[in-house]
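Both complexes shown next keep chain A, but they swap its partner, so chain B is in the first and chain C is in the second.
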Partner chain A sequence: MTISWRSQLEKVCIPIGALLVSLIIFGVFCAFAGANPFGVYHSIYRAAFGTWGSFQNTLIRAAPLMLSSLCTLLPARLGLVIIGNEGAIVIGGVAAVAAGLTLADFGLPTLMIQLGMALAGMLIGGLWIGAVGALRHYRAVNETISSLLLNYIAIALMNHLVNGPMRDPSSLNKPSSFPIPDVHMLGNLPGTRVHYGLLYGIIACAIAYFLIQRTTFGFAARTAGGNIRAARLAGLPVGKLTMAICFLAGSCAGLAGMVEVAAVHGRANESLNANYGYGGVLVAFIARQNPLAASLVSLLLGGILASGGILQRSHNLPDATVLVFQGIVFLVVLFSDSLYGKLAIFQARSVSLPPAAPAATSV
Partner chain B sequence: MRTRPPFPLSRRQVLRGLLATSAFGLTVKLGACADSSAGGGGGSADNLVMGFVYVGPRDDYGYNQAHAEGHDHASTLEGVTTVEEANVPETTAVQESIRSMIDLDGASVIFATSFGYFDPHVLALAEEYPDVQFFHCGGLYQEGVHPENVGSYFGYIDEAQYIAGIVAAHASNSKRLGFIAAKPIPQVLRNINSFTLGARSIDPSVTTQVIFTGDWSLPVREAEAANSMADQGVDVLTCHVDSPKVVVETAERRGIFSSGYHANQVDLAPTGYLTGAEWNWAGVYEQYVQMIQEGKTLMNGGIPHLVRGGLQEEFLKLSPYGSAVSEEAKKAADAAKAQIVSGELVIYDGEIKDNQGTVVIENGKKLEQTALELEQMDWLVEGVSGSVG
Partner chain C sequence: MSADLGWWGVPLAILAGTLRGSAPFLFVSLGECLTEKSGKINLGLEGSLLMGAMSAYAISYLTGSPWTGVIVAGIAGMALGGIHGWLAQQPRVNDVAVGIAMIIFGSGLAFFLGKPFIQPVAPQLPSIAFGSWSSSPQLESALRVSPLFILGVLIAPLMQWFFRSTRWGLLVRAVGDSPDAARAMGISIFKVRLLSIMVGSALAGVGGAFLSLYYPGSWTERISSGQGLMAVALVIFARWNPMQCLYASLLFGGAQAIGPALQSVGVDAYYYLFNASPYILTLLIMIITCSPKRTLTGVPGALGQTQE
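After this line comes the complex of A and B, so read on.
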């Protein structure tokens, strides 16, 4: 089984190597910006993973990215590039608030209200991205463009709703919807300050992995993603698959919106539009469309974001430094994609050659 | 032993290299630790550590730059250490940033400068850190509702807009002014109305055209609005958006006058910049530092929870008059400023009609800056073309 373990090793070594290379490049950048690279590395570690307190910071930032990334990741398995995460998050959040306020009026118990909010967010988010899938399948509209444009529509719709029909008259200078009563808010995981969104994200990633890799539905979707004509010839219902996958993708983002509303803001307003959607697109691409990898990449990105503050405060680096770091990491990781199968060290070789000793350090 | 190793370095060389790098890394890391612990020790009683958080970049020629300039001044004061963080969105990110300022840098005073930081973020943190004082820019504090270690500060910047309106009316030839605004919320409407009232106090034939872009930072739409106003014959532009940069630059390129907002934008429009309504946060932050160094806190009642002020309290300033401002205009503006400072001039002095012709402030009624009606403004004054809805 040499082939197997070598290719397994390749899957681990290349991303880690890419991270190391990007850290080195970033270090050079910091040196040019006048900061000590090793001091910067130490600060990043301290602010993102160093203590339990700072690791929670990373987890909090990673939570919305996990759900958001699934909105790009699932359709990608079908060969669709959808970047409408932001819109689905915003619209899911608005739907969740509307549902929460309505249900709270009926005096339902907290659990029912939260369930209702989650279902509303998922349904509306799902329909939102489902519309993209429908446009794609029935009218051959480019799904990337349509989902991008739907982002703007979603944000405009939210602004309209919180300025008009849903507006709380007491929110003078920051138009917002009425707040969800505090008792109905999502709490934190016991013993932490991380809200339940993290758990939802991990569960959703696990379900997505199972669905895509371990079910006939996932197999059909992957087949259609590989070659749509072959899939049609094989009698797969490509239209239904597209709609189903897009709905699921949108409902993940809608759930992310619900979590933002129910765990953080408590109401819908312009703060919902916090660019988690675009972060999710990055995560999905870096994770190479693997839902389990997406949860790890979200952690990585969360850690990078968490270290943004200390770079400004302790090293006097400009606020865009964290974006530079993020950009370098993602560029290098995407580039490293092209190295799969190119490095001789990970290729199966004839039995007479023993495995090279410094293999692990050569990437 | 093989003759051609698959990797050009020998195992020994690699090991040596690894050892050397890790030793180097370790020394640097330990060195960094020593540094940071020395820095952390600075958070002792006689040294005040203050944390500042901004929602956008600190060099945006606008809202955030105004606060960053205030921070820069505060950081030069004796016995004060400051830490700052820019581009912090109004999500859990701001809670984490502030938490890390308190836990890692030992900050005991936090200035949260964006309006949207207050609810729920500052409120949540204030409950969690009862010994830390949180000051929020926006004037949202409510007695009895909010924790006692939360304070709020804001300025009546429409006073400066009134003066800017006077200068604009003098400079304008077409008697048409343009105002590019983000959203029709009370704060913004108040600026538009004060600017227009200032201009019409000089020449009642002046009108202000207003365009709402819909959001705080939409550079493309701001440029479009500025260009279309210039096409229609508007010859003085001002704005209320997060960064006036695009508006002021576009006005300069089109050869018309501009009046700034938030900070000083004269660098962007050396010929056409008239003046601008600026925040004077440097003064405000210095006052807070003084009070805190005297041992006053929000919790012991020494510092008022709600601090608001205008030109009189020096919460605001006007950008130095540009080269295009006439002597006559300077005189009129300075006179009005002196009257506002002395309290003689009240901007919202009835009778005032809105642009639908309805009387909104009756004859003989004077609304001082603290009036609640002004906080809930939902009308545009006579002479403004545009609508709130």
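After this line comes the complex of A and C, so read on.
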């Protein structure tokens, strides 16, 4: 059983090692920019995880990241690279606001309105990315490119709506939709400033893990992702699988949009386009497409995002520092993917391998 | 400006917008074309574009010479391309993921280093007045063309000739179409791809220099409207053909000018949707031209394959 524990250790050590290496590179970068790297590390730690108050900031940012990462993560199990998270968040948020305002006009109770908003966000977000899956299956349109284009189209659509049909005339500097009445906003978890969106994110990640690893549906998806021709031969409905997974992926991102609207902004405007989409792509890749790991990585990235302000205030570094740090982490983690199976420590010792096996190689 | 021209101002504004707005598209699409011909995708050209825009502006401000800025923008793009080219060729590393990482890293670096240059005004690139014969000031200003744009227009046929008629062009195509055959010929796939990606990224950097030193002609964090991201779509649209990259860029530059042109005559109802017309156009074209039954003509054989 030495193989198993060594490869388990490899799976833990390589990502942690990658994070450490990226911290070192980032430290060197900060040193060149004239800041004390250890002071910067300390500030990031304090702003992200240091106190309960700052950890809550991290949690608030982690919630949309968890949901958004699933939009890349689920299709990745099918072998699709989808980066349309930003668009699905934006369009889901707009749909949630529209649903919330309509339902509030009918005078429904708060719970119904919140449910309606969540369903609207998930439905529209799901259809948005589901369309990417359908185009992929029926027209062989590259899913990365089409989802990327749909990001821009979604943002344009939102700008069109909040500057025109949905515009609240009192929002002058930053055109916005009408606000959702405060009583219908998503509340906070008891005793915290953290909204219920975090719970949505954790539940969604747990469901995604169960769905992918423990159900026939997930097994079918993983099979199709591993070898699409074999999946077709086995009689799996690849088209339906693609669209179902893409719909689920989009509905997670749409829910992230709903959470942002219903718990943070209260209205749809350009604040929705806050790069949680590309952050989600980053989380999915660092988590190596594992939903449980994604929730932890979201915490980490949420912490990095939360530390942007303090880097500016106490180290005089521009706010883009956080972006540089994210980029470094992403690049180093991607590089670390190529190290699996290469480091001698993690390889099982070849104890009793018979040297002469020419028959096997000549086949 | 176009108020006294009435509706004639619309085609004129679109013409002017095409001549001004298509150059960044042209540079990034030619860069992406070269990259993809070698068999790798570089989604990170947006990062190179922003880095190019920032470094060109900063160098132009510091040295007073915009052309030095253009050269430095190319070098900055080349450096980012070097990172991408090296990393995307490691085993089991997905080039699309590296591209997204390079967008984050490149734009972060550009915003970080460019923070002090948002306020100052840097010397701009000169323009050539092709419309000096005209008495109409609108036509005169519409026909002002940047020499950088002309350079881009010249690079397109040059690259076409490079792929078709030179030994080096053949090497790039061989590496992109069938790496195994190229390996059998004794070509270093790694080096060819690295160089193609670096030169492609340098072109994107020059495209960024056009943004900050000609039009819109300033450095801000919102200077790019996603031209670098569009490169990949443009190249698919252009079927991996440099000359068609030129036509596609002109079309996209024109499409981008529709929204502002209509706004100038008072039609602003669908301003934001017209601004998204390049993206909608690309998506429609891809839906129409792609098919599950055949691969696209012109697509490099080994495009998008990850080394195991």
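In this section, the second predicted complex is superposed on the first by the 348 of 363 C-alpha atoms of A that agree within 3 Å, B and C clash if a C-alpha of one lies under 4 Å from a C-alpha of the other, contacts with A are read in each partner's own complex, and residues count from 1 in each chain.
Methods note: a contact is a pair of C-beta atoms (placed from the backbone, for glycine too) under 8 Å apart; a residue touches a chain by one contact, two chains touch by 3 or more.
Remember, predicted model here, so these are calculated numbers, not experimental data.
Under the clash rule set out above, the superposition-derived model of chain A with chain B and chain C contains a clash between the two partners.
In the superposition on chain A, A:189 contacts neither chain B nor chain C.
Judged by the touch definition given at the top, the superposed model places A:228 against neither chain B nor chain C. By the touch criterion stated above, A:159 is placed in contact with chain B and with chain C alike. With both structures placed on the common chain, the touch criterion links A:21 to neither chain B nor chain C. Within the superposed three-chain model, A:343 lies out of touch with both chain B and chain C [touch as defined at top].
After overlaying the two complexes on the shared chain, residue contacts for A:320 are found with chain B and with chain C alike. Once the two complexes are laid over each other on the shared chain, residue contacts for A:312 go to chain B alone; chain C is not touched.
Judged by the touch definition given at the top, the superposed model places A:119 against neither chain B nor chain C. When the two complexes are overlaid on their common chain A, residue A:47 makes contact with chain B while staying clear of chain C.
Among the options 224-232, 314-322 or 350-358, the segment of chain B that ends up inside chain C in the superposed model is 224-232. Shared interface residues of chain A (contacting chain B in one complex, chain C in the other): 156, 159, 163, 319-320. Within the complex formed with chain C, the chain A residues making contact are 33, 81, 83, 135, 137-142, 144-146, 148-150, 152-153, 155-157, 159-160, 163-164, 278, 281-282, 285, 317-328, 330-331, 334-335, 337-338, 340.
Listing the residues of chain C that touch chain A in their complex gives 43, 83, 87, 90-94, 96-98, 100-112, 115, 221, 226, 229, 232-233, 236, 269-273, 275-276, 279-280, 282-283, 286-287, 290-292.
In the complex of the two chains, the chain A residues touching chain B come out as 36, 38-39, 41-43, 46-47, 53-54, 57, 60-61, 156, 159, 163, 172-175, 260, 264-266, 269-271, 274-275, 305-306, 308-310, 312-314, 319-320, 344-345, 353, 356-359, 361-362. The touching residues of chain B, counted against chain A in their complex, run 5-7, 9, 11, 14, 18, 24-25, 28-29, 32-33, 35-36, 39, 57-58, 83-93, 96-97, 99-101, 103-105, 115-116, 120, 138, 183, 185-187, 214-215, 375-376.
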